[in-house]
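Notes follow once the structure below has been shown.
Order of writing sets the chain letters: A, B, C, D, E and F. Residues in each chain are counted from 1.
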């Protein structure tokens, strides 16, 4: 298939793309036209259907996969498609993975590894809570496996939330081993739950965008609420344990300026914050140096998240 | 009664004080002694009971009002009481208001004024929510009326939470009148609920200190949870309305650095933030210039909350 | 009339626009051409007159309203007009309000409301000062009514300074009512005067740009000077009152980083700062959600002034 | 004479000190006593006169030089004088310089050097302005020579304002020589005027404290106003020159956070800022390493103004 | 032995302490006296020898262990010893470990563990460098084992530098295992070398204070120089490898504001920064909650390094 | 010659330019093409050679001066050359100074002035060090004279490093004269050496870009190392003098956030910081107001380095 990032002015494109947005508007002459956004895993492009009544233009909706024929033009410095044909693509004629960035790791294997780590949690209350979410709630598990950990930035792909969560859990296991004064069960459980709010902060793929609730409340507050509601169904769950687990969620961004309403006040919250940040930053770094840099030398331009020019290590 | 802030070295004090803390320890010679903290509305003082077995020392517990006889000494530059007599004070022999700072306004009148404002909320869902907390929940109402809005800083007295909440509600009424694009019902309700988490973030008077949950989660997260749990019992409460109300709570500190995990994204959240901040700062200012300043001139020394030297206006 | 924000590449435009800037330059071939900027209330556009000697090109000056005929082209990604005809437009053939953004409120009515508030100031010195500026100084009143409160950002339209000033005065009235320890006369007068420096910090419409003095000194220092000069003509005006009024002007941005050389040290200065900021931010919010957002959903993109994504409230 | 910084507990002190503050109060037994603050050039000490009616206690006022006899006691960890005798000291029996920190340089010589620099200003308008303040206004010159440049921090002594101003002027002369695109006349005049507001921001010695106007407006706004008023009396003084000179005053702190309402927008304002900061910081450094450091090694403890531990250079 | 932190006013102390500082001064009556600072592993105390000529006072020097007899007094709110006898203590009569805070872990075992990790470095150049410092340089190894990682803050005890270095190396091993795109040899070597400059930034125990070079240059610049000098003696050490290793040292504080002149630009530098910070913060947390907190509840007061109130986790 | 900044769409360009970068790539049709960057002293432009095999295309390499013939096109809003002919230009047919921005001052004269200042350093050790670098090391002197002081920002031209260094040395001479407690020899030597690391932090002209070492270590660490290595060859150079000189280099950016790992702790380091900053900022200002501003008025748009709008002074 022809990927959007390779489109060039004046080409004719035919192929199937995911229709992310669709809207109609009136032109200056009073004629209705459609404005759509097409997406594949390499990016987005705007398209216009000027002649809605023409033969090639069939019914389709936002969030459909559509076959199109279009000319690539330039408008205000950006590429734009002039669409002459469009119709809903039949299932089986396209491969979803071409439209969604996806983890390079095996999702089921990562899930098994996560479950393996959670099984070692021996506190019965935390064990019950872990089972409730990560084993018994089939709908949650399905969404958790498929979600990204971010719209952009890092782990912004199918399986990204699972990959990031597993990375944090594994780091926390090492930390708990080495700093024995930490409570292992609390730390591992907090690691597993720290970003579960993201399942509802971001919409499903292929959309993968902030939801209304995500923008208004954020995954920290949403994650706390998920835990609070769950614990009500677990008789005998100690109040102080619930509060400590929520604190780890509340404080895991480490600083007010990164959206944590409390700074880490428990050692496990502090450790979780570092593990989360380390996994996120090392993935950000990896993604940044994986981008093809072209002929301009080995240094990657200034990376905003890492606040530095960076480059691959030479050995 | 003799207030703690007037104690001087070498005096003998007799009177009734609130015992805020009590603990026993071993002296270097292996003898047990008691270490206590006494409180009245003007401050705290440490006390030691070196001879626990002597005749004047009777049974008493932390959080009792106690009659004491003691010498005022100085230890490490601070006053300390050497207690020779102590016993639980009989009810009726002391006046609770001597031990608790209290609002200068009438609590019941403020409460009526608040209810009056809430009755004007016409959205039926918000009306039901307001009634559930501020009218029907007798236990909550009792605690809400008695609570402070802070340990120190501003409104740190009995009735302070009500006084501050009412101040914010009244400001929001004016704002809603003047900026007509705002949703009045949402704004007034958010104003009433913005600090309800403080009922559980701070313990009751005379203690008035941060609770464990208050330190770990804070009143923003706790307030959201209270609303979330209540809404579950109100059939038909719109999801988006719940979310918007919670957002006003979440964002009311206005900035990440003041502990809001989200910045105001709705106009009502923005207005609430300003009303909250204005009421708090004008009360802080009033308290600061009410402190007797002595003979050093009309300027009050640097005020940390207001980040400036300040003075009363001269007319 | 055809508004500038609706221009599209390759169109031919005929109509009257305000000529904001005009300059001549030499092309590479040594031929003189003119470079102008045209404005209406929806925006600006650059224009070039390549053939100054042709028949359609008549005399005109910067700050004239001009009739033009032109082709819309694109240069370096921005629209540009290729002008083939231009002449000064006759008065009466255009409507100034098409070229100037204007308050949606009635200017005379707002002015009467402001005067009404000022009449309630009972301190004779402040009363005299208010009258001197807002009633007796006809030239000042005319400019004050017509000015914007900003080049961009908020209230950037004819009548904007009056609308903002009135908003702040009305908020301060409520605040003075509710926080009775404040000095009402000082607060209302300070509210009326807080931005008068803007009359000279920004040039008149349709230009509405920073003046040289505005850039070098700013409206805070300029406003202080205006008050200082006026008070010299008011016998018996108390020194300390002048100083306190000036302090309210000096401190009304609230923070050093927003250009106030002093932080609020009087309660009235603090109250004024909040009223000013609240009115400005609620207007900024209103303007931002009034912008047509298109088909991409209800959220407005990141707003720099408000430092957040924002959206209209849904009820 | 016995300096205050050498007082020790239990000593008896007799001698003459400057009475900075005086107030009377009631003791707990209802008896009137006096509370005073004594000062010499090494510091301040509190004193109490418990027996106002005793023979040794004569009439005296705040701001008098007084002879006292007193015991040194300790109260709340600070030294305090128990005064048994006090009377106004006769002129001639004390040396004002013992009570005022004074510049180590000759004031008249510094003044001549300053005048010498100002005479080289050739712009007739600036020349006239310089003469008006620094030559013709005898009262101003007297106060300018005697003033400090600060309450504490740096140049906090008699002649300090002159010494600092001269230091800045001389640095600006070098800078103007070396960076020839700068306007020498504007830069030198701005350097001479940059801190003149301090003559009224700080009270005269021996008080040397912030005035009410100083706290409310600050020396930047006050300096601008002084220039504005003076220029009115200089016919033909160009508006743009006045504005540029004022801008140099307005921007000389260099950053909003240091109280400049504008950042330097002219090269002369930028140069002035650096010269001012450099002279202030090098004097701060000199004063800090001149303090006797004792036996704890050559490093001086953390200096807050310089934000570092510092030490004398070893050669 | 009687530890300094248990001293109380009016006690008589006899015992051996480390003399950290010694100086002589003149009293007001012109008599010479000595001022010393005594230290054990629990703290410091000032002492005065008023009567230098008395029989009990023998010769001794700074940095000696001395036997003393003294009365505990209070001066300016702090304890002070009035020393009547002092003499150099004979070796064998005191135990150095009573005077030095020491790691709770076995130093030789930690060293073996570190060497074990370094042996797994397979790059021959890095292997040679590791061997040069951590095996062959006997003097360096001895100092490295004995040094602290800080004057205060965390790991401020004998063996602290080794304990911290080992902690960082072990974390980096895990990180290298999990994030396979990292260069393991570079990361482990950088972890071992990251704080070697501290061997010269801080003086040896029992002094453990900043050296002159430490204050002027800091351990980052000093560590780079140590590596640069060593590499000169290792033929064929690749330039780019040296530069990358130094970069890891240079950037390991992660932010300019913590004294790194460069931000991490290599993934190994980023990983090292997190491992260093995590080990330091978890040790800081552990030390803070190990401090006996007394009867005021389980929360530890505000911890400046962690920027929060903290408490032990309750399970 | 035709400068790059004057290129316009659709022109045909013939002339000689410096080839800064060159790379080959495959087009979508699998055909190889070349992508190059051409440079002259006014800027850069991308060029494409689509038909590598055509007659006009000869052999050439990166860093060659090349003669080209090309059409100017626009791609993604930027100019791009469509190159039809290219060959290596013969020496003598172009003037290097057209391709390199160069100091407006005479390099040899500036060098003589610098040497003159260094000769006045009387400390024999510092004298020897100065001679070693600035006189005896012919290769260093040649590079030092030719280097810029920055890639962009200020003094970004041939001779810029020398011009900036001389400016700082001359300012330091004045400062040493006026603040006599400073050590003149140390200050002047530190001024001469403060940026020598830039000789290796930036590559030679015409490239003038950050080197790998420059990005990883920076000129502060590199400058320290250069001094450290040199001092080893100067017998008897005092340790403390070396350390103090290095400290001046280490601290000369003045703040952590500008990349100094230490704040100035010696007065000479503080003075050097101000002299460096002043020279850099006044040059930045000069360059900014030298840029032709066009017809939009005398104000220059917001300058990021100076953090302000700026303008030329009007006299």
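Remarks
The rule is simple: a residue touches a chain if its C-beta (ideal position, glycine included) is under 8 Å from a C-beta of that chain, and two chains touch if they have at least 3 such contacts.
All figures in this text were calculated on a predicted structure; none of them were measured in a lab.
Interface comparison, A-E against E-F: more C-beta pairs in contact at A-E. Relative to the C-alpha centre of chain F, the farthest chain centre belongs to B. The mean-CA centres of chain B and chain E are about 43 angstrom from one another, to the nearest whole unit. For this pair, chain A with chain B, the centres built from the Cα atoms lie 42 Å apart.
Residues of chain A in contact with at least two other chains: 77, 212, 215, 240, 244, 262, 265-266, 309, 311. Every residue of chain E that touches chain A in the complex is listed here, in rising order: 123, 167, 170-171, 174-175, 178-179, 181-183, 185-186, 240-241, 244, 262-268, 270-271, 274, 277-278, 281-282, 285-286, 289, 306-311, 313-315.
If you check the complex, the residues on chain B that touch chain A are 212-213, 215-218, 220-221, 224-225, 228-229, 240, 243-244, 246-247, 250, 256-262, 265-266.
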